[in-house]
Amino acid sequence: MTALVRLENIEVTVRDKMILSIPSLEVLKGEVLGVMGPNGAGKSTLLKTLALLDPPSQGKIYYQEEQIFNTQAPLELRRKCAVALQQSLLLDTSVYQNVAIGLKLRKNKKSEINKKVAYWLDAFNITHLAKKNAHLLSGGEAQRVNLARAMVLEPEFLLLDEPFSALDFPTKLQLLKDFKQIMSQTGTTAVFISHDLMEIKYLTHRLAILMDGEIKQLAQTAAVLESPNEAATPFIGEWKAFLQ
Amino acid sequence: MDLLLEGLKQAFNMFINGDPEIWEITLRTLKVSFTAIFISMMIGIPAGIFLGLSRFPGRRILLVLINIGMGLPPVVAGLWITILLWRSGPLGDLALLFTPTAIILAQVIVSLPIVTGLTSTAFQQLDEKLLLQIKALGATKIQFFIILMKETKLAIFAAIIAGFGRVMAEVGAAMMVGGNIRGETRILTTSIVMEVSKGNFDVALALSFILMGIAFIITFTLTFLQQRKRRI
Amino acid sequence: MKKMILVSLFAIIIVLSASACSNSTKSQPTEKAAAVEKTDLILATTTSTQDSGLLDVLLPKFESEAPYNVKTIAVGTGQALEMGTRGEADVLLVHAPEAEQQIIDSRDAINRQRVMYNDFIIVGPEEDPAQIRGLPVEGAILKIASSDIPFISRGDDSGTHKKELQLWNMAGIEPASVTSYIETGQGMGSTLQIASEKNGYALTDRATFLAQRDNLNGLSIVSEGDNTLLNIYHVMQVNENKHEKINSNGAKAFVEFMTAAETQSIIAEFGQDLYGEALFFSYTE
């Protein structure tokens, strides 16, 4: 398999402090790459770098072997990515408008926007909310809108930062199920940050353990969870002990 | 009480009979105030956005100065502008003293800090993650600001309403830099002062009703636009 | 719908803004097209000439005869003279002979011509609580000072205020030492209203009092006719050799206009129809 995105010697420093240091990382086409790690490990910074939102202090990013320089990424590449964060961060307008916004920014035709939005509202089971103001939604509804807003862009590359974490358990299960189905249908390449082993197991193909800004282990998800290496053991081990 | 009724009646008569001078003064008041608030918006909203979103050395000092400017007494602004615009002053060659432009300048100076300050407050309150999310949706720089302005619509309208109120109410500076010249720089507020000093309370009251009426209509419209209902 | 409101609002703002900016320059050229170029002439004068309505009669006539657009700045005589000293006005119409002499001596103003006079009067409550009716001015002032009836002063360095201080000086009293002495810092009209509200005495020019008498409950003339109460108006042009950007042709024309026989007869008649007596008296040199 070929890489969709490749990082080479990436370093992110803020006021002389090393936040992220990644000699090499490939996100393969069609895979869902999980990222786990303690708070402050640099997960969100990694996501920002991969989503081409913040240029790294040093290093190279290749998007489909096209190198992006250390400056602001070109708009057409940025527009191939979509991001969904932990907070839904919806705009103060209708659900429909919230889902349509990315397409509107891309100046899609109105008829096309209507078609796509209708499709994704249906896929996430929120068609009945289309006219409701997004600030009046429940947590689960808002996260569905958040994900639909990302998926409607039909991104080549999807970046998710704990989008399910704030949900109650039944809502989370239902949404995970719906989401997994959508991902396997579309074959979207994704990076998925989470603290939840269950979500990681359920959604990801490979798993990277990020600690202190470095990737300590990267392999098939099952393999990492079965046999974490020395560096990853404290983190994964605690999880496993807790679950048993 | 009689005086109030008399004033109301006279205001009505002035409008119905189309007293040309009243019309002229009213129209000039509108022109001057709209121009001033328009300029304040064009400068103040972008400046407020910039101050709200960016971080740079000296930003805090600037915010302090703007907050002080919000309470700047109009007569102080008027005095400074008068001195600047004097024939013997640094901008004397422009011959702007005692013109409507001078009044506009004074009104911009008293309303700009309000528009800038309130806009910047609204933008400082935005969640940084929201900014990230909007960028991640593929927004260009301009689209980014348009979305944010829609998000802060309530606050921006509040800034415009407050600024407009200041401009309409202002009299000290308009008197000083405009000179209350008949047919040129006489506006509703300065006319009211003059009519009071002439002892014509009925005319002054009539003018005050016209001023209040205009202020009411404009503020009502702005508030209506601000409060358009959220869809359920 | 929402967009339409916004767009139309925006359009209104733009149109109004555009016309406001062009207003000051456009209004004049259209009228003069065929005639001579009209220039602005700044007249610094006292509130009494404006508030009495005299200028509303005189200026349109002047503007129709001569190619000038008069901008009247009606302020206290003190400020009017200061505007002359600074070269911020082109021509002055004021009434404070002693202070005028200074600005003539300093050559900031030239061509000073006597125009008219009216007289100062002391007004007070109808029942005259300080009993000054019929007294000469000096005696009246002394009486007021020794009573506790308020005396309302302009306190704004205007011609009337200067005159009033001169009267106190003649009577040998320091007004600041009189407890019932009130300074308003405002124009004649406002000061008279305060006098009426507080049932006090005030020095005023006759013209302003007659013009506003209807609004001044209970105030009447209690002292008049004394020679020291003459209120003489002079017109003068600001010296172009001492100040820049002076419209000295306009100023000269205005001085000539004010002293012309025709203008003088208008001044003499002004107010007869409304008040039954003239507000100003022709008084050229």
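Read from first to last, the chains carry the letters A, B and C; within each, the first residue is number 1.
Note that in this section contacts are C-beta pairs under 8 Å (C-beta built on N, C-alpha and C of every residue); 3 or more make two chains touch, one makes a residue touch a chain.
Please read all numbers here as calculations on a predicted model, not as lab measurements.
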What's the contact topology between the chains, one of line, ring, star, complete, other?
line
Determine the chain that sits nearest the middle of the structure, using the mean of its CA atoms as its centre.
B
Have a look at A-B versus B-C and report the one with more C-beta pairs in contact.
B-C
Could you give the separation in Å between the centres of chain A and chain C, each centre being the mean of its C-alpha atoms?
77
When the C-alpha atoms of chain B and chain C are each averaged to a single point, how far apart are the two points in Å?
32
In angstrom, rounded to a whole number, how far apart do the mean CA points of chain A and chain B lie?
46
Applying the document's contact rule, which stretches of chain B touch chain C when the two form their complex?
28, 30-32, 34-35, 37-39, 86-88, 92, 95, 97-101, 104, 179-182, 184, 194, 196-201, 221, 225, 228
Residues of chain C touching chain B in their complex?
2, 5-6, 9, 12-14, 16-17, 19-21, 23-24, 40, 42, 47, 50-51, 56, 71-74, 86-88, 186-190, 192-193, 211-212, 214-216, 243-245
Using the touch definition up top, name the residues of chain A that touch chain B in the complex.
48, 51, 53, 75, 78-79, 81-83, 85, 87, 89, 91-94, 101-102, 105-106, 131-133, 135-136, 149, 153, 159
In the complex, chain B residues that touch chain A
127, 129-130, 132-133, 135-140, 143, 147, 150-151, 153, 230-232
